[in-house]
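Which chain is which? They are A, B, C and D, in the order written, and residues in each are numbered from 1.
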Amino acid sequence: MAAVFSVQIAWGDCDEQGIVYYPNYFYWMDSAFQALLRKAGLNLRIIREKFGAIGIPLVEAKARFLASATHEDALAIDAAVSHWGRTSFRVEYRAFRERELVFEGLEARVWAVRTSENAVAPAPIPAGFRDALSAAGAAR
Amino acid sequence: MAAVFSVQIAWGDCDEQGIVYYPNYFYWMDSAFQALLRKAGLNLRIIREKFGAIGIPLVEAKARFLASATHEDALAIDAAVSHWGRTSFRVEYRAFRERELVFEGLEARVWAVRTSENAVAPAPIPAGFRDALSAAGAAR
Amino acid sequence: MAAVFSVQIAWGDCDEQGIVYYPNYFYWMDSAFQALLRKAGLNLRIIREKFGAIGIPLVEAKARFLASATHEDALAIDAAVSHWGRTSFRVEYRAFRERELVFEGLEARVWAVRTSENAVAPAPIPAGFRDALSAAGAAR
Amino acid sequence: MAAVFSVQIAWGDCDEQGIVYYPNYFYWMDSAFQALLRKAGLNLRIIREKFGAIGIPLVEAKARFLASATHEDALAIDAAVSHWGRTSFRVEYRAFRERELVFEGLEARVWAVRTSENAVAPAPIPAGFRDALSAAGAAR
């Protein structure tokens, strides 16, 4: 039920040891997040224009790496919301090479709006956004 | 007289052969272009807001690679305008590791504006932009 | 008849203007080159181990940009050898968004070996390599 | 007493919202780790050749983001070992824009060797490595 982003690891994604240079894992995690938004009929432009947020800034990101990966390997990364707070939410990621778990990760994001004083502040997540994203990738 | 951008090559900039993954050379070329703009008191925001362009899109980029480079190597990349056309200009780059030329490159960019019909079209380069950029990095 | 590499442009591939940050185009060109090698049953490890080269270093890369592209856009990049020299060869690339040509590029590479004096020097391209790569993506 | 890696954020490091595309923060964290190794007279080649490890693979990485950053901003990222285990260690990072904390992060790495059965396994961290890295960036 999660959104899935697939990638084949490129030559340039690997370092001198022939394994993935790790910041690329976060690049693919973010790509999986974009796939989750897309599956929900959303993207960051829509979030700003339709829902009035100035963005959904990341406040935390982490990953655990269980196996190394190299160029030519194909990864399927699933993304699903794992927690809804009032003004923040978490998305969990799992990346598989066939049936082997290569890494798992988490992002925490905040719903941010511009206040009347022109500051940026957290605000309650609109139900329409939450429902759309939950439907796209909530349960596992 | 050119603008200079300095970089120390990172572990993650290299591939399995232990040499720079080449798209990074273009990333550093663009960073040298930003350094040239900065030296001229400009950046892409100012170009849009003060000079009314919608941007200065790249229409061509190329590089010749004369030596390989690896992590820890320090490169100094100079940038200077090599040609002014009516609506376009070229910037040349040379990257040195101490006195050795590692690569040289060229970018061609166009001065682009939004027309009354809401299309994007080339337009004459404003003298103020040309003079500022020439002063920052024109002669060698 | 060319090898084709497909990519959907990610949020993180674009700059503040919402268009592709151009070094990424070269990253995808290289990915198309890897796809061409793969279609020929080759990769850089095989080139070293089976054919005895120390690599096929890039000596030149260039691209012309005909249209801008943004996140969510799907590009199909074809790669085909356009010229065989004795010790070097060229690969040409064309990137399409549906039927629109977004950019076209060229890479020149050299067949490099380690000499008995432990230097790196160009050497004649083995017929087996040339035939395999030509079969994978030579004609258009 | 920590090692410090300094970076000026480039145009291409930012996304359509004009703020840093977050995987770049991990790229700079890793660059700070390389700076820490360098300050200790080490790098990944030396670790393999002198100390006999096959590598020090990352098993976990995380970061908390406290402020956004944009191109032209200068970040100073300090790196210091925060924990030594028998076969693993942690490195902590803090990134400042002048006196403002922009993000803080953590990496956990394992000392990995090749066993007589040709498998990869954790092994005790050599005292020479630990002492060198601690001297380069342990206390704050």
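Details
Here, a contact is a pair of C-beta atoms (placed from the backbone, for glycine too) under 8 Å apart; a residue touches a chain by one contact, two chains touch by 3 or more.
On a predicted model such as this, the values are computed, not experimentally measured, just so you know.
A comparison of the A-D and A-C interfaces places the larger number of contacting C-beta pairs at A-D.
Note that among the pairs A-D, B-D or A-B, A-D reproduces the B-C interface, with over half of its contact pairs the same by residue number. Each chain gets a centre from the mean of its Cα atoms; for subunit A and subunit C, those two points are 30 Å apart.
Our note on geometry: subunit A versus subunit D, Cα centroid distance of 23 Å, whole angstroms. Chain contacts: subunit A has residues 11-12, 16-17, 21, 23, 27, 30, 44, 71 touching two or more partner chains. In terms of inter-chain touching, the protein chains here all touch one another pairwise. Within the complex, the subunit A residues that touch subunit D are 16-17, 19, 21-24, 26-27, 30, 44, 55, 57-65, 68.
Taken in their complex, subunit A has these residues touching subunit C: 10-12, 27, 30-31, 34, 38, 43-44, 71-72. Chain contact summary for the complex, subunit A toward subunit B: residues 11-12, 14-18, 21, 23, 71.
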